[in-house]
Each structure stands twice: as C-alpha cells, then as structure tokens.
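Shared between the two complexes below is chain A, which pairs with chain B and chain C, respectively.
So, the complex of A and B:
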C-alpha cells in the first residue's frame, strides 16, 4: 500500500516540478518580450515607461543568470508570492485568487460529485435494460459531445433571458452587500443554479456511458455467470457488478478533473460568475500575465491534491492495493 | 482484423473476406447515422465558404438581423454575416481537429508502441512521462502558453492541443502492444532477426489497425472540443474566425440579453453534432470490428 502511494506521490511531485518549470520558462522563452508588451499596454507617459520597464525587469529578475532566476522563482513560490496584478495594481495575485476560489469550488465540488454519483447510478440502471438503455445512451453521447459553454449559453438563453426564471449573470445580486445574511445567501444560491446545472449535465453523460459499459462487461464475467447459475437474484448479481464497476470509475474521476476544471472556467465566463474563469478572462483581456500564471499554478496544485485524495480513496475501496497486489493499474 | 482469404474454409463469412467488415458496416445504424451527420458538416466546411455571399469579418450588413433570404443565419450585432462566419468556423474546426488529432496520434503511437514492445527501462521512463502529462490539467497549460503568444494561428493552436492530448492514447496503445508482443507471430519475427521498427509497423500495428482508427477518431473529437473551449476563453486564432470565437463574441456582446439566438446556437450545435457523431461512429465501428459486440 505504501509502495503504491509512494509511486503516485513521486509522479505528482515530478508533475508539480514540471508544471512550475513550464510556468517559469514560458514567459522567458516565448517569442516576443512580455515586458515590452506589458509596458506598452499600461504606459501612460514616456518617462513612466522606463520606470515600469525597470520594475518589471526587477520583478522578473531578468538581469540575473537563468539558474538564479529559476531558484528565485521557486523561493517566491514557497513564500506564497505569485506577483502583483497589473489590472488591479498593486493587489497581490494571491488575494485575487483567494477571492475567486470559493465561487469556483462551490460550482466544481457539487457538480463533480453529484454528476459522478447520479451518472453511475443511471448508467448502472440502464445497462442491459433495452428501453432505458435506448434513451440513456444517445442522450449520454449528446451530453458528452456538448461544449460546456454552449449548454451554459442555452440554459442562460432559455431559462434566464427568455423565461426570466434565473439571473443571467454575476455570483449574487449586485445591489446587495457582501455579508453573512440569509438574503445574501439566498441570492448566492439563486445565481448558482444555472452554472451548476450546466456543469452537472455535461459531466453526467460521460459517467453514465462509462458505468453502463462497465456493468455490461462485469455481467459477462465468470463470477456473474456463476452467481446466475446458482440462481442468485438479478438484484444481487447487479449489486456485485456495480461494486466492481465502480473501481475504474474512481480512476476515471481523477483523469477527468482537468477537463471539468476547464469546463468550469468557461461556464463562469458565460454567466459572468466571479470565479477563477472570470478572473482568467479579465487577465487575458488585460494581458495580466501574473494573474494567468497564478491561476495556472493554483489549478495545477488543486488538481494534483484532488488526484492524491482520489488515490487514497482508491486504496480504501480496493483491498487489493492494500495487500500489495497491484490491483487495477491505476 | 487481418483478412483470412487464404486457406480458409469456404464458409460464407470467410468467402466474403474483407468484405465482411463492409457487410457489417453498411448494416450498422450507429455507424451510418454518425457518418451521415459527420459528412454533412464536412461538406459544409469544404463548400460552405464558396457558397457564402458575404465576407465573414467585414461589417457590411445591417446589424442584429434575424435569419433572412439575404443573410441565411442572420447578422451579428456589428453587421457581419453569421452564415459566412459559421462555415469558415466549421472549416477551422476541421483543420484544428485533423492537425491536432494527427499530432497526438503520432506521439501516442510512438510512445505506446515503444513502451509496450520494449518494456523494461524504456517502458518505465515513457510511462513516467505519460503519467506526468496525464495528470497535468492540460487546459491550464494551454491557457498559459496561448496567453503569451500575441499572434496565434490555427496551426499553433492545433500543435499545442496535439502536444498535450496524447497521454491516454499512448496508454491504451501501450496496453494493446503489450498483449500483442507476447504472441507467437511477433516471436517468430524476432527470431527472423527483423528490426524493431519493422516488427512494430509490419507485425504489431496492422493487427491493431481498427483500434488505431478509433483512437484517432476520439482524439479528433477531443481536439475540436478543446479548441472551442480555448477560443471561447479568448485564446483562439487571432487571424481567422472559429466556432468558439463566434460564441465568445456573442456572449461578450450581450447576444443572450438581446435574444439573438442565431448568433450563438449554430456554432455550439455544430460542435455538438460533429463530436457526437464521432462518438456514435466510434461505438458503431467497435461493433463492426469486434465480432463479440455485433448484435445481429
């Protein structure tokens, strides 16, 4: 078990190092000089130019040798310093991210967990049941093929704009004060429904299809046939099949995280939801590279941590990993 | 999936030889429906721009018009022809999907074949590389890379998507190669002293050709979705129109509030239809190639 986790942990640490290196290297080795781009973007007066250039040169430490820059980058990272935002100078990037994260997590966690659970249950029910299967399967493929933002756009158009049932934009009623009150909480929830629903629905299809295929595979296996031959009730056989089919779905959850995070970012943009996606968009529009890089690092760390949690859950759920057998080659 | 035309007993299926696959392919509704939908959009991408009577990016139309005889898909808030944008965007999607799909398939095949065939240390190293790229949220990487490129073309977009989307393909191909490597005919080829490359591309690859085709189809569809997402966030090509960019412009310019559905419905619908048809085609192909799944 420890070997299994240690191996995983090694990959994650390696991944983190690679990601940080990419984050460090891209501004430095990309064609074009980001400092010039930044300065030309925000410079107001000719003499402000020089001052800004020197500020950014110092911020990037561009006058030092490359290896020194690399070490500095790591050291700043471990001090929690991701630079300062340019569009909202001088707010630190970490503050901006900290403000946006609750909204993104509030969308992501429920939609990931609920779509996973509901998708698995629906998929398991649909497997080998003609009528249900014929409706779940095409719908599932349709949903997985839908771009996240488009479903969001459709929901916003039909339920928000045309019918007027839900608000079209923002994380809460802009006339309210941000405070701990029932009114504010209700407004939060009201604005949360549509972005959540679109994320939930797109992710649902994939899980249902995956589970359906796994159940069919399990029902064809020897143990299922044996149980049937013994005259075990259908329900019992399906219960065993479900538990076995669950394992690859747990691994799949870890693999899908990156895609769902991407989906959350664009969904937030559709609904002008004040999470990381909205932050990234304004970062891109204002060429605020520190913000983009900060969000990048934050997503990497978040996804790696989530992967680790999934691995630990996997060890708890699959006894084979505990006794040192390889189990599923996750 | 090799045909068994030589020395096979004269059963109807064997007599049909390679036509057997065609026989089942033409009777598979999933494959047919998927192929028809896909072909319609492909034709739209090829010939649509020739049919368009207006330029995609010029502002020469009356703004915000619903579909009409003159402007088939209506016009944008700024007076651009939506139909022209749509067909040119379709073309962009197919170009990005093809280029990125090929890039990812080639990398995935290369790594999968070598890791699976060589095993041992090569496998360990390549597997580690695959795992690292697999765990990295590739969308975040694309975000940072694209943000620093001030000029972006379809080619660069496709290259970056291809370079980040190969890991699952490499993994799947590795597993397949692994099981084929232990077969007798590969051992024989090895005894004959054939080179590694010859064994991989002469013995192993042809025996999983159907698998490779399906892998490419999934990579193609995935690339189209990723490209649309990137475009929507504002990191699409700077020199052309795309379906994701159309959605971005419409949302950024209050098409939702104004109820200009003709601006944002077609691009998303096209992506959903193309990618969905690919997925359904893939299931159909699986049934055609794999006799166990044939429901006839």
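So, the complex of A and C:
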C-alpha cells in the first residue's frame, strides 16, 4: 500500500517537473516582449522609453540568460513567490490568483461533482429501462458532443439575451459593493447559474452514457446471473452492479478533470466571469508572463492533487487493487 | 422428485427460433444423481437453465415441470422466484466468477439471504459446518473472491447454492474448468452432499462421461434438442442401446491402451441445425444403422426397467 503510493507519488512529482517546465517555456515562446507593451502604454519620449525598458527588463529579471531565468523561477516557486503582474504592476500574481480562485472553484467543484453524481444515477436508471433509455441515450450523446463554449453561448443567447432571465456577464452586479450581504450573495448566485449550467450539462451527458453502458455490462456479468438464479431481487443485483460500475467511472473522473478545467476556462471567457480563465485570457493579451505562469501552475497543481485523491479513493473502494498490492493468495 | 413432460424451449434469434429443447420428457427420483451428457449444442445446458431461470432470449414454448408434486412456473420469472434457491438451485458453469468481486464473501451471502427474507446469523453455523465438509475454513467468509483459488471459489459456490437444502440441484459443467485432481474432489463433493441430504436429487450436466460413470446413478444422453437414451449408469456404460450413445462411448480413450498408431474413431458429420431440424430421427444422417423407417420420428420408449431409448433399432440391439 505504502509502496504503491510512493510509486504513484514519484510519477506525480515527475509530471509536476515536466509540466512546470512547459509552463515556464510557453509564454516565452510568444512573439514580442511584455516590457515593450508596458512601456508603450506609458508612452513617454523615445529616449526615456529606452531607459524605462532597460529598467523594467532588469526589474523583472528578463535581461538575464534564459537558463538563469529558469532557475530563478524554480527558486522563487519554492518561496511561494510567483512574481508581480506586468499588466497590473505591482500587484503580486498570488494576489490576483487568490482573487480569481473562489470564482473558478465555485464553478468547477459543484459542476464536476454534481454532474458526476447525477449522471451516474440517471445512467444507472436508464440501463435496461426502455422508455428512459430511449430519451437519455440520444440526449446524452448530444450533450457530451457539445463544446463547452458553444453551449455557453447558446444559453447566454436564449436564457440571457432573448428571455432575459439571467445576466449575460460578470460574477456579480457591477453596481454592488463586494461585501458580506444577502444582496451581494444573491447577485453572485444569480450570475453563477448560467456558467454553471453550461459546464454541468456538457459533463452530465458523458457520465450518463458511461454509467448506462457499464450497468448493462455488469447486469450481464456472471455474478449478476448467479444472484438472479438464486432468486435475488432486482434491488440487490442492481445495487451490486451500481457499485462495481462506479469503479471505471472513478477512473474516468480523474481523466476528465483536466478537460473540465479547460472547459471552465473557456466558459468563464464566454460569460466574462472573473475566474482563472478570465485572468489567463487577459494575461495572454497583455503578454503578462508571470500571470500566465502563475495561473497554469495553479491549475497543474490542482489537477495533479485531484488525481492523487482519486488514486487513493480507488484503493479504498476496489479490494482488487488492495490485494494486488499485497500479493495474491490464489 | 422431478418430472418433466414435453418441455420445449426455443432461442429467439434474428434468423428465427432455434429449437434447442424440442419436447423432452423424463423424471429424476429422490436421491438420484442423473448425469446429462451430449455434445456441444445438444440442449443439455438449456435444459439445466430452463429448470431454474430462463435467460432473456430463451422462450418457453410448451411442456410442464413438476417438482415434489408442485408445478414450477418456469415461464414466469417473477412467480418462479420463491422456488429458486429454496427448491431448485444451481451450481453454474461460471462458478469461478459467480461471486461479486467487490464484496467480502460472508457479507455477500448475508445480503443475499436477507434479500430472501432469511437471517445470515442464524444460518452462519450451518454455513461454516458445510464449508468444513469441503475442507474450507470459516476464514474464507471474510475474504474477497480474488483471494481464493479457482477450486476454493467453486466449493464456496457449491456450499452457498445448497445452503437451503434444495430439492433439486443443477450442476452445470462444474468440473469442466478444473484440473483432474480438483475434478475428482468436486465430483466427490456432489455425492457427499446428496448422501448427507443437503440436496434430494441432482442433475449433473457435463460432456465428460468419465466423471458421470463415477458419480451418476443414471445417465441421460441428448442429441440435437431431443433425448436419445436414459438408463442406469451401468447399463449406459456396458450395454448402450442407442447408436449415438455407442459411438459417443467409442470416442473415449480406454485405460491401458496406447493410441500411438490407432486414431480414436470419433463420430463423422455434424449435428443438424436446430433452426429447421430435419423430420424423423435427428441422428439419421450420421447413423451407421439408419434405414428407411428413420424418416419417422422414433418415440422415447422404455425397453427395459429404467431404460428408455429413442431408436427404431434399439430393441433389436438390446436383445442381440
């Protein structure tokens, strides 16, 4: 068990190093230079520009050779320092991320967990029930094939623009002050509905289809047949089938996490929702190396941690992995 | 005692219905272990399954099954449920994978018993005693199926299937997937269970005539969805009356003979398609004794006490 976790941990650390390296490299492959953009925005006289550019280059350590920048990045990382934003100078990147994270998590966690749970239940109910199956299956395929932002735009158009039921953009009513009040909280919730719904619906279809297929497979398995031959009621057989069909769905959850996070980023952009997706988009538009790095780093760590948790959960729910780790008795 | 009369079970397929069981009548007495043998696709497994639970594509066409004087509602899945496990039980072909892999065995058994309105704790001592009969410790109840060897799983399933002392047990190919040593143990266990009264009578479905010769009181041979012959084991082995039974026995290797330069004879040809079986005797095309009368279907008649055959020439053979 411990050896298994140690091996897993090693793989995760390796993945982390590679991902962080790519994360560091990608903004630097972009054409142009963030300092030029910053200086041109300040728009001083030409000779002052040159002085300002060299000052900022030194301030952000961008005048150093690339390998030195790479090492600086790692050492700063271990000090919890993600640098200062260029576009919103001199706000630290950690502050910007800290401001955006609650919005992204508020979208992600409920949509991932609820879609997974509801999808599994709906899929399990649909399996072997003709009427429900005939509606759930095509709808599920339709939903799961829908791109996140397309569904987002569609929802914004129909429910936001045409019917006017929900607001089109932002995380809360811009005329309100950010404070702990019922009014502000209500506004948050009201703005949350559409982005949440688009994430939830796309993910729901995939889970429902997967579960339906797994349940049918389990109901045809030998243990299910044996139980039915011994007169076990449907309730017991379905209970076992559901539990066993959950196992691949847990793995699927781990695999899907990355895709859902990506989907959330795009959805936030559609709804101008002030989460990480919105932050990273403005970071890219302003060539803000440190914001881009910081946000992606946060996502990398998040996805890796979530996968680790799923790995541990799997060991708990499937005795076969546990036995396999300790050596087989047979 | 089990009595089956004119049982017909068809399989629904896209090409039409396959007449896997086409009018089968026989009986099994209390305390009798009846072997049921035949080649693949002859309907022996279909018969075994039909007596406990019809699969979705199996279609009840006609016939009656009576167990201890009660008619079994085999066509009605729901009405049949009270009889399953309590009156009729099965040790399935797939005993190795018959246990839920994610439940401890003891807990699974308790949950099954609870679902049938019984208490696991009251039956636990009897369960442990019976496991001990087959050489298993109570520890297995705390284990997951993956922690047991194939033979152990098979024995657990045998104990579980017979826990409620069913009147009839169907053992479907229980020895097929085992090595010779385990085969012998399992075969011995079946006899032991009958002798101890855990089950009243038993139908052992197999293609292995050698096992049947050791444990069965009587053997019934099937061919292409119909009965060919039923007789006490001794009679089947020493004086088979149906030409198919003789050829089947002739295909087996004999102890003490080396088959280096002599090929086992086997039976030429293939069994007929059961989508549209031929009229008359179904073995006609492969039978060395076939003659003009075989285009009529031979009745399954008793030619001696407890010896029934469906062959026009059976009488002549039994006498000559």
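Convention: the second predicted complex is superposed on the first by the 273 of 330 C-alpha atoms of A that agree within 3 Å, B and C clash if a C-alpha of one lies under 4 Å from a C-alpha of the other, contacts with A are read in each partner's own complex, and residues count from 1 in each chain.
Rule of thumb we're sticking to: a residue touches a chain if its C-beta (ideal position, glycine included) is under 8 Å from a C-beta of that chain, and two chains touch if they have at least 3 such contacts.
What you are looking at is a predicted structure, and each value in this text was computed from that prediction instead of being measured.
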item: Chain A as common anchor, with chain B and chain C clashing or fitting; value: fit
item: Chain A residues touched by each partner, larger count belonging to chain B or chain C; value: B
item: Touching partner for A:268 - first (chain B), second (chain C), both, neither; value: neither
item: Partner chain in contact with A:280 - chain B first, chain C second, else both or neither; value: first
item: Which superposed partner A:320 touches (first chain B, second chain C, both, neither); value: second
item: First, second, both or neither for A:311, with chain B first and chain C second; value: neither
item: First, second, both or neither for A:229, with chain B first and chain C second; value: second
item: Smallest separation in angstrom, by C-alpha atoms, between chain B and chain C in the superposition; value: 5
item: Interfacial residue positions of chain A with respect to chain C in the complex; value: 221-223, 225-233, 235-236, 240, 243-244, 247, 317-320, 323, 328-330
item: Chain B-facing residues of chain A, complex; value: 11-12, 14-15, 18-19, 22-23, 26-27, 30-32, 34, 37, 138, 141-142, 144-151, 153-154, 156-157, 160-162, 168, 255, 257-259, 261-263, 265-266, 269-270, 277, 280-281, 283-285, 287, 289, 292-293, 295-296, 299-300, 303-304, 307
item: Residue ranges of chain B touching chain A (in the complex, touch as defined); value: 128, 131-132, 134-141, 143-145, 147-150, 168, 221, 225-226, 228-229, 232-235, 244, 247, 250-251, 256-257, 259, 261, 264-265, 267-269, 271-276, 278-280, 283
item: Contact set on chain C toward chain A in their complex; value: 52-53, 81-86, 89-90, 92, 94, 97-104, 111-112, 115-116, 143-144, 146-150, 157, 160-161
